[in-house]
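There are two complexes below, and they share chain A, which is joined by chain B in the first and by chain C in the second.
Moving on to the complex of A and B:
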């Protein structure tokens, strides 16, 4: 039971890392639906780097680095070139999906390094995730930087007039989003599920994206949602714990995805939106053209 | 920016003539192919040789051409499945799930008629009609879920279709593995083989689904060019609030485009598992075909949602992925060259989106006074 809870919290921390980056990203007005692709890249290249050098540190750094690069690429497409943000994000996802399948294939199999140490059975990354949630909340809501980010995401033209560099702020946020996604991918590939297989992320990037919508762009709600999703996911992977002998394993494997859809429906409903107050960044998904 | 007396600046386009759009799409494909050739270059092969080999196998080798056409039919259905919602401004990335369910439904018909145990007595036309209808219906149903949720509660269709893909993937595994009802009695983790009467008839060596592809192209073209429904879909895609004021019902448009898209993806599943010669079963590697259907997204985007242009792109990509696979085998490259191709084409396509929106103006610098005005 304890192992089950710990596993759920560890899944939650991965959703949290990826979701926090995307949250900041969206707060500045840039939607990145290519989260899955960045996470796949972070997981795959981090895995390969760690396996070839034998060092976890290198693996994580590579994951973060590739995440930053892909974030920059998304920024270049969507901010500088003014490409539709969904098209660009989809492009990054398919790029990640296709390339990691090709690049990672020779490395199919377990990582073969000693497991990362834990504190009382739970990964230290979990505590890092909690700290990050608080830090991001504080930065967004209590500092001048946060105000700049939010204003760029609400009314970019007004922000520009009041002296903010819209493009620069958005670039920084997109790169931050990429770094967090790359890191989340690396944690997945190096710690949570250190057995490379093609597309082994199983849509976790898309789930993290859904969590950002769920969170109403509030880091604390994001974390709460991540824990909920982590629990549901683990529950459906270990049905025998609660419902022994019921239905095939393939049927149970559908459950987390079905749960995701149900939760999405719930959070998209008027009831939920009005209860928590929808705060969609006004300029989300709209390219900004300096006149 | 001024370079050597010439003034270079960017201007946003207000409209884009068709021939220019086509030109940029072709350039995007060529650039994608250039990126793709880097893989072979890295493996020590000259790109020219490789492309000679890829195209030679895909289009000028009678065995390879057959594979290319079969894959082309598949990609065409998958592209149609993407295009119709795309014209309404909605993203269908649920082609894999829709095609799995289409295949399952088609096999379900044969199973119910006793085809698994060899007791099927129904005649070929009846069986095949039922299979196609079942595939259309099943694809439409799973696609329709996303459309319904989008229309009713504005639930993000990208995430929903992605989740449905995983659900459908596991449903197929449940049906064909571990003693599922469709399991091959040989127990190889694949479905039972279709009996003779359930196999699609061949016309000149190609499955009859090729004709469906052409007919559907005409139908989709007419839908968007001539029919009021197509006009409503396009209007909704361009400007949803304006369309709503003009009397377009957003709920019905969302549901309808996903029903149509899903049905067409269902046909893609029917085609690959029940109409391609030599297959006639849901293979153990069915997930590969689900992944391939994402090529449909690239075809649809690169042809800007035009069903006629899509066909040419689908033919090209079908050939490239078949030829790439063959070259991969000959050169002992890693698995997944066709996945890499997909990634390269997609990223190139995104980069070229820039040219759809901007044009680069290069003018000779006149007098210093006017030049200063621009800067």
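Moving on to the complex of A and C:
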């Protein structure tokens, strides 16, 4: 039972890392649906680097580095070139999916390093995730940097005439989003599930993406959602623990994704939005061109 | 100069703003030239000087180069030639940030504020003080001090989307002053204000000039405003300075003539028309706005043949919902609409067009026209159902083309021809063609929603003349306008609106501007 809970919270911390980056990214007006691709890259390259050098540190750094690069790439497409952000993000996902399958295939199997240490049975990264949630919330709501980010995501032309550099702020935010996604991927591949396999991330990037919408762009709600989905995920793996004999395990495996769809439909509904106030960043997904 | 604690914004631009003498030249623009791709000269060697403590209005029609000049002064555009000196120091603005740092503040006609943010957040945005953790209390006090000094009222915690246009403008002005603006550029400062708000703004501007700020309003259509407040006026036409004069020596006639390049008739001759039978009778009509709130409450009125009903009000008081409900673009929540005695409350939009209603929307580019379509195709929008141009489902493009050419001629539309895309037309010409296609149907009722909004003096006069012409031809006209002068000079009956209600219906002969101004500001209710 305790192991079940711990695994759930550890899944939640990975959703949280990836989701926080995406949340900041979206708050600045850039949508990155390629989260899954960046996480796959972070997980795979981090895995290979750690296995080759025998150093976890190198693995995490490589994961973060590739995340930053892919964030930059998405920024170049969506900010500088003004490409449709969904198209660019989908491109990154397909690229990530294909490339990591090709690169990672020879490394199929376990990492083969000593497991990372835990505190009281849970990864220290979990506490890092909680701290980051608070830090990101504070940054977004109590500081001038956060004000700049939110303004760029709401009305970029207003930010521009107020003397801000819209493109620079958006670049910083997508790169931050990439770094967080790459790091989340590395935590997954080096700690949570250190066995490389074809598509071993299993759609966690998409769940993280959905969580950002679920959170209504609030870091605390994001964390709450992440814990909920972590539990749901764990339940889908071990349904017999709570509901022995109820439905086949294949149906249970579907539950988190079905829930994702339901949640997205609910929060996109007119009823929900008018009840909770439209918090969607006004300029989300829209390229900005100087007048 | 009164000193309040912390009221003095931190110096962003070194010492260049120390010891300003009233009357001293603080901004000197020399030979500003801007060419757009395609060779259009938007600004052709424009020179002007702004002095401390002076209100220097820049006057020009749409397309005279005002927007370009404003953008150059604020760093949004870079001039191809020419120099700008701020207190004798040559400056080169690459972005608004550079201009702001040199003490230039801008108050935009289309407000540049984030609606979802609070007033405080909007004012702080981009301010050097907002780096790092924001000290909300201190900032609130400083903003309060500035507001008090100039006689403004602001609530730093209110969200901008809740504010009226006038309150938003105040936020923009305070924002500019908080950033240390010494030269304030105002784009059409009074176009969205009620008379009461205008009065208050002018008082605040007076205070600013006493503190040796330079104030530069850019104005297209409110000529009385120029005369009321400015000391100097520079008039632009086709990208050039055509004249520069002291306001004391100018009259409205002189200014308009220089601006348009030909004499403009101000006193519209309203011919005597004997009203006929009622065309439209509205009874207790109610409707919701886009947010689902009842925005039109129990409106009742009658308009007869040959009458103009002027619906006066500040944007967002239900006039828009009224126009859309009458035309069927918005469902009626209650009440009914009788058109020539026939209940049309639930009839389709197409039926209403066929019955003889005509509508010119306020949103000319979003609702009134399709930018990528040609003039002919846009004219067809009001004719495709007409038996004269639709033969068993086939459109008679030859006939429509002739019709469009006729409209272009009758309505004096400046265009290379009927086959260009309508988005190439300027605002005034676009409105002329929209009005033309409606009036050419000889409708029994014309609903004109903000027909002259944003148009220059020449086009405004033209549009107003055409509406009077429709009235002479026994059409009933519902004129929705935020410009009280327009309402007073055209209407037979005046219906001031406030918060979705028609406050009163007053015969034009008995209407007083101050009373109507108070009614649309909610200060005067009468049954």
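Things to note:
Just so we're on the same page, the second predicted complex is superposed on the first by the 281 of 291 C-alpha atoms of A that agree within 3 Å, B and C clash if a C-alpha of one lies under 4 Å from a C-alpha of the other, contacts with A are read in each partner's own complex, and residues count from 1 in each chain.
As a working rule, contacts are C-beta pairs under 8 Å (C-beta built on N, C-alpha and C of every residue); 3 or more make two chains touch, one makes a residue touch a chain.
Since we're looking at a predicted model, the values are computed, not measured.
Residue contacts after overlaying the shared chain place A:260 against chain B, while chain C stays out of touching range. By the touch criterion defined above, A:83 reaches chain B but does not reach chain C. Contacts of A:150 after superposition on the shared chain: chain C is touched, whereas chain B is not. After overlaying the two complexes on the shared chain, residue contacts for A:162 are found with chain C alone; chain B is out of touch. In the superposition on chain A, contact of A:128 is made with neither chain B nor chain C.
Set against each other, chain B and chain C differ in how many residues of chain A they touch, and the higher count belongs to B. Shared contact residues on chain A (touching chain B in one structure, chain C in the other): none found.
For chain C in complex with chain A, the residues that touch the partner chain are 71, 74, 76, 95-97, 100-101, 106, 108, 112-117, 121-122, 124-127, 129-134, 175, 292.
Those residues of chain B that touch chain A in the shared complex are 12, 39, 91, 93, 149, 153-156, 158-160, 162-167, 170-171, 173-174, 177-178, 180, 291, 294, 297-298, 301, 334-337, 339-344, 346-347, 349-351, 353-354, 357-358.
Only residues 33, 77, 81-84, 86-88, 90-92, 94-99, 101-103, 105-106, 198-199, 202-203, 206-207, 209-210, 213, 248-251, 253-254, 257-258, 260-261, 264-265, 268-269, 289 of chain A touch chain B when the two sit together in their complex. Put simply, chain A touches chain C in their complex at residues 142-145, 147-148, 150-151, 154-155, 157-165, 274, 279, 282, 291.
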